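Chains: A, B, C and D, in written order; residue numbering restarts at 1 for each.
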Amino acid sequence: SDLTIGFSQIGSESGWRAAETTVTKQEAEARGITLKFADAQQKQENQISALRSFIAQGVDAILIAPVVATGWDEVLEEAQDSDIPVVLLDRTVDAPEELYLTAVTSDLVHEGSVAGQWLVDEMAGADCRIVELQGTTGSSPAIDRKTGFENAISDHSNLEIVRSQTGDFTRSQGKVVMESFLKAEGGENICALYAHNDDMAVGAIQAIKEAGLNPGKDIKIVAIDAVPDAHLAIANGEMNATIELTPNMAGPALDALDAYINSGTMPPKWIQTESKLFTAADDNQAIYEMKKGLGY
Amino acid sequence: MISYNFFKRIMPQMIILGVVLFLNLLVFPDFFVIEFQNGRLFGNVIDVLNRGAPTALLCIGMTLVIATKGIDLSVGAVMAIAGATAASLVVDGHYWLTAVIGALTVGAICGLWNGFLVAILRIQPIVATLVLMVAGRGVAQLITEGTILTFLDEGLIHLGAGTVFGIPTPVLIWIFLGGLAAFFVRRTALGMLIESIGINEASSRLAGINSRILLICVYVVSGICAAVAGVIVAADIQGADANNAGLWLELDAILAVVIGGNSLLGGRFSIVASLLGAIIIQSVNSLILLSGMPPEFNLVIKALLILAILVIQSPRVGHLIYIMRASSPPIKSDPLTPAKESNR
Amino acid sequence: MTNDPTPMLHATGISKFFPGTIALDDVEITLNRGEIHALLGENGAGKSTLIKCLTGVYRRDGGEITLDGKHVNPQSTNHSQILGIGTVYQEVNLLPNLTVAENLHLGRQPMYGPFVARRAMNAAAKKSLLEFGIDIDPAQPLSDYPVAIQQIVAIARAVEMSGKVLILDEPTASLDLDEVKLLFSVIRQLKARGIAVVFITHFLDQVFEICDRATVLRNGQVVGTRELNQVSQTDIISLMLGRQLEARLQEPKPKSSGTLLLQIKELGKSGMLAPFNLNIHKGEVVGLAGLLGSGRTETANLIFGAVKADFGQLKLHNKHIQINNPRDAVAHGFALCPEDRKTEGIVGDLSVRENIILALQARQGWLRPISRRKVDEIAQHYVRTLDIRLANLEMPIRLLSGGNQQKVLLARWLATDPDFLILDEPTRGIDIGAHSEIIALIGQLQKDGMALLVASSEMEELVTYANRVIVLRDHKQVGELTGAEITSNNIIRAIAAETEHEGIA
Amino acid sequence: MRSTHLPLIATLFTFLLAYALCAWQFPAMLSTRVVANLLTDNAFLGIVAVGMTFVILSGGIDLSVGSVIAFTGVFLAVVLRDTSIPPMMAFALVLFITSAFGAAMGATIHYLEMPPFIVTLAGMFLARGAAYVMSTDSIPITHEFYDVLQSLYWKSAGGGRFRIIGGIMILTFIVAAIIAHRTKFGQNVYALGGGATTARLMGVPVASTTIKIYAISGGLAGLSGIVFSLYTSAGYSLATVGVELDAIAAVVIGGTLLTGGYGFIAGTFFGILIMGLIQTYIVFDGTLSSWWTKIVIGGLLFAFILLQKGLTWASTKRKKAVIGLDTQS
């Protein structure tokens, strides 16, 4: 097939995002699809205008990883008027379902609750004071992962979040904020760390080490994304668990598009990717080696 | 150099710093406790000094740039580029010192570019440096290919996360470089010449000052300072994060320079006061972190605190206080403070 | 109206303190209707400060003002304009980015409904400028015109603002004789309308030509008010200075005796200055004469490298030199005291000490700072020899009075001990005492073997010290006078002869 | 022609040249869709850049606008969700708040003699902080009035949709151009930019002018926020981060000097179009990776500044040469 597909990516704000871009390009190439890539530099307005430009160019289909859930109705309508199917990646939007073909996403709330559930099981009723490193204030992963985690531990009075502050999804802020947690609470009084992404957890691990404590042992660490460095940390015993957010959203999306364009098959409205839990029980070293090349 | 005038110059910053630290003490009683734990000093005050390092380093160059009536928006991006350069060099197996020198060279080149646009092409500094601010982060990502480039080189890591005699290396680096720069500009004629071109470039040029070279130099210094900051930040997290390293840090640096009592319109400057400004900002950040407030309030708190600091420092308020204090005709007062003209 | 005995403006007890200075101390001034009142005093006496206190620029520290019999308290320039006081402040204060017409009418533009009536405004501007004898396109930006035109625009603006009082702070400093004549005729018209005019200047001839009374300030205090038809110039001078101005002997000017220092061959720039030739010897003063805009400033700038020449050669001590910028010039021992001290001379926020040392330091390079002791020595030396009035050496130069700023600039260049000193309007805005001091200084420098090139609008001045005078017209060298030929009349004739010649052609 | 018009003309030529080049490479760029998109997608940026032009003309800068847009969006979303205040009332309310916010910044700048850069930086933190405090979620706006406004567009031949928000932007530009170039207030703005001290000595009411300028900028940021909320039907506290820099860039590309006093509202309009063109070109090209996108945007920004500088320089040079001939003949 010589399809031309437009892909509106949010940006390249994290390693995970870069991996998603890489994987998408690889998947398109493997199928012989011409991919028009547009980086929105974290701005919704750029994404909307990119979509409009795709429509003006007359692409065959559009992939979009929306930066935020709201605000897409108008431009999706325009796409529909021009008979261009749109597939959402990573996240659904607050728009009527008929405006897009399907959404390939993970369930952010679910990820949070997997993390919470892991901690519940791990502590097995023992008291635990938790510190939380939130993502960027206002971003939907931060909100949903917080909600999911809180839901999971809400019935367990032995688990308590004692401090929660934003680490902006970055390594350096993760480290800085963890440092202040350690001082404010006293390292020995913290039993677990929940970070909304692995980068912050990796930063926090360094802070914990510098404070003379053993990450993974003195303080349990669970985070989300399963980037290579998190697997490495688990392999080294410095981290306990991570939940995978697969960067391969494009594979299922392109499959669905293929089927729709070639045979008119309507895909389901929501294709959920797996939120797999990785712990020390897995062969993290091997996974690390495998994922290293994916552009994380 | 350590004269009465010097103390008088930095007095407002010292007082403000004292007040902010006191607020820290209020929200966290153990704020001033410093312990010696596994070979390093450990405590909130140390954290403030350590975490203030990037801003403080940026401040050194930014103060000089602002003194020439310029501004350097690109420092955050230059940090990212330098961090990425250093990381990719050690990952390629180079010796850490080579990597650092490489990063500093790249920083200097970035500064040269800015200086070229400002001094030779005569593009307004804010726009000239905006170009590198936008493109620079792309360059940094080009080097790391969008990933966080991690490394395990002990030598490099030591610059960001290590200690010397128990004191975190970044603290030593910024105090050393800041002191060096402050000493250097005041012991040579550089300080005066920089101030002169900042106040009136036409006059300065006619007086025989080579304003172009000076302007370029100032931006190069700013680039190098940013590079040092970038290396430290990367070393601290053992990885070059091209996306986030130094993001929006240029604003903090500019803020610090202004809190340091330096005019954005160029002219008179004090590097030491700017450094105090950087530490004041970091103390405000520390206050926010220690207070345990939900993160939604971070920005509001920061904005209000900074506003309060700036209002207290504003020349107008200073003048009011001065008037309230001195009811007798202000004849024998300080000849340096210019009289305020009535403004209404 | 003119017979109304209540004064137009009466101010008593005006005081103004600046940190370190009492700028005005219990000053009283009375302006009668239809009177032209001179305000005189040395540089730094407080003339400009008094004006600023009267017009609400400065908040005064004491004193009462009655205008037209009513107590007033101007809070801002805007307010005083509304009260009917039009003012030209000392440094030309207009906006270079606005057009001439906009400058002239800012704040009281002719309106068409809610909109500024541009066409009417331009027409009105054209008309009012014609009264001052200049015919220009008022829709062009002010910055397109030379300082003299700007000065006239500022005056025209103030004149239109002044319903009751017109204040002119050194309006004639950069004006030509003809323009001064026009200005005076306008002032006389205003006087006939009963408006009170305050006239500040250092040209006593002009004072005696046009003013009725004079108030003299010294060190912030009024030392006397005189009816001018009852006193002589010497009376006024001794009142201003507090001493007699010793009459300097007119020493015979040395013939250009020294060795050849600098040869300028065919120096010029297209559109700016036609090729210019000059040989200048050590111990020689060459004057540059010409009308406004004749290219004197351009000549000075080209020689100094402030503007890069398109063609021409310079030979110093018979060796070719290349001057691309002021730095090169300074390195070859040149010095230039520019005409526009506000934008090209002073570095406002730097202290007087730093301003004096600036050029010397720039020449030494930043790596070799001049020691503090040496700096203080140099600064103090020049403050003493040039009699610069200041509270202390650390005060920013922008706080000095205009004339004292000029002296500091002179000091800056003298400190570099130049071989060749170019002075562009060195005595502009300088009081009569300092004026003669500077002339004496020029003589002294010449005796010490320095070569000087002096551009000046004051012919008498050139006559006193120049060995040779070069006359410029329309950016061209049109004549040269030497030795005994140099008289005011001859200079004027040289300029005019050329004009007639052109007229015939 | 006045010499001050040069940068404006240079900008116009730059835009036309660039557009021609783009169209030559991608003929689809000539479609009405692209033209309509340029107007619609840049409407909010254009409106906020108008305010920024006033501020920059007066020699100031306003860094708070991006945050004010976000604040406006969140405010509207919260008000329309939680109260029964009708949208028009809410618009009026938010315009009042943002104008007052701008006025407060202007007053601070003038009366406390603080540099605009810093005051508005604090304003930037404050406005975004306020948005966070109201809500960190992105809140959809589902009022039928919004649907009505959004359905108002003119669909031209070729599929381009000219929406109401593009119209609002153009209207803003026209009104602003009249205010800036034809009223007393406008002249006072230019006067301030020419030199605040001088302006004061000439009797310009500096305080009220400064306050009005920042109030306008704040108010237009509010209007831009309304437009943005129409554009996205939502309010989100993380929206429009860094828009102030885009606005500044557009103003500068439009030929306004950052030091104040020189420039035109119309220049900003072309500045906006150039920025939009860069964005469109990159998407049409579609081969740039994330980092090359940044580099290319920076590079194009540089190229435009350079081109404009070159054009201005070349024509002043020519003008000078003409004068030279005059004097020599």
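Keep in mind that, in the parts below, a contact is a pair of C-beta atoms (placed from the backbone, for glycine too) under 8 Å apart; a residue touches a chain by one contact, two chains touch by 3 or more.
All of these numbers come straight from a predicted model, not from anything done at the bench.
> Of the pairs A-B and B-C, which shows more C-beta pairs in contact?
B-C
> From the C-alpha centre of chain A to that of chain B, how far is it in Å?
It comes to 34 Å between the two C-alpha centres.
> Compute the distance, rounded to whole Å, between the mean C-alpha positions of chain A and chain C.
Chain centroid spacing, chain A to chain C, equals 71 Å.
> Report the inter-centroid distance (CA atoms only) between chain C and chain D in whole Å.
Comparing mean C-alpha positions, chain D is 43 Å from chain C.
> Residue numbers in chain D touching 2 or more other chains?
132, 136, 200, 289-291, 293-294
> Note the residues in chain C that touch 2 or more other chains, in rising order.
Expected reply: 57, 76.
> Would you please write down the residue numbers of chain B that are in contact with two or more other chains?
141, 145-146, 296, 298, 343-344
> Which pairs of chains touch each other in this structure?
Going through each pair of chains, those in contact are A-B, A-D, B-C, B-D, C-D.
> Going by the contact rule set out above, which residues of chain D touch chain B in the complex?
Against chain B, chain D makes touches at 61, 108, 110-115, 117-119, 121-123, 125-126, 128-130, 132-133, 136, 200, 206-207, 245, 248-249, 252, 257-259, 289-299, 301-302, 305-306, 309.
> Would you tell me which residues of chain A are touching chain D in their complex?
6, 9, 11-12, 18, 21, 35-39, 41-46, 48-50, 52-58, 68-74, 78, 81-82, 94, 136-140, 143
> In the complex formed with chain D, which residues of chain C make contact?
57, 76-78, 81, 89, 93-99, 102-103, 106-107, 109, 111, 114-116, 118, 139-141, 144, 157, 270-272, 274, 474-475
> Which residues of chain B touch chain C once you look at their complex with the stated criterion?
187-190, 192-193, 195-196, 199-200, 202-210, 214, 267-268, 329-331, 333-339, 341-344
> Can you list the residues on chain A that touch chain B in the complex?
Those in contact with chain B are residues 12-15, 17-19, 21, 134, 137, 163-166, 168-173, 175-177, 179-180, 183-184, 199, 202-203, 206, 210-212, 229, 295-296.
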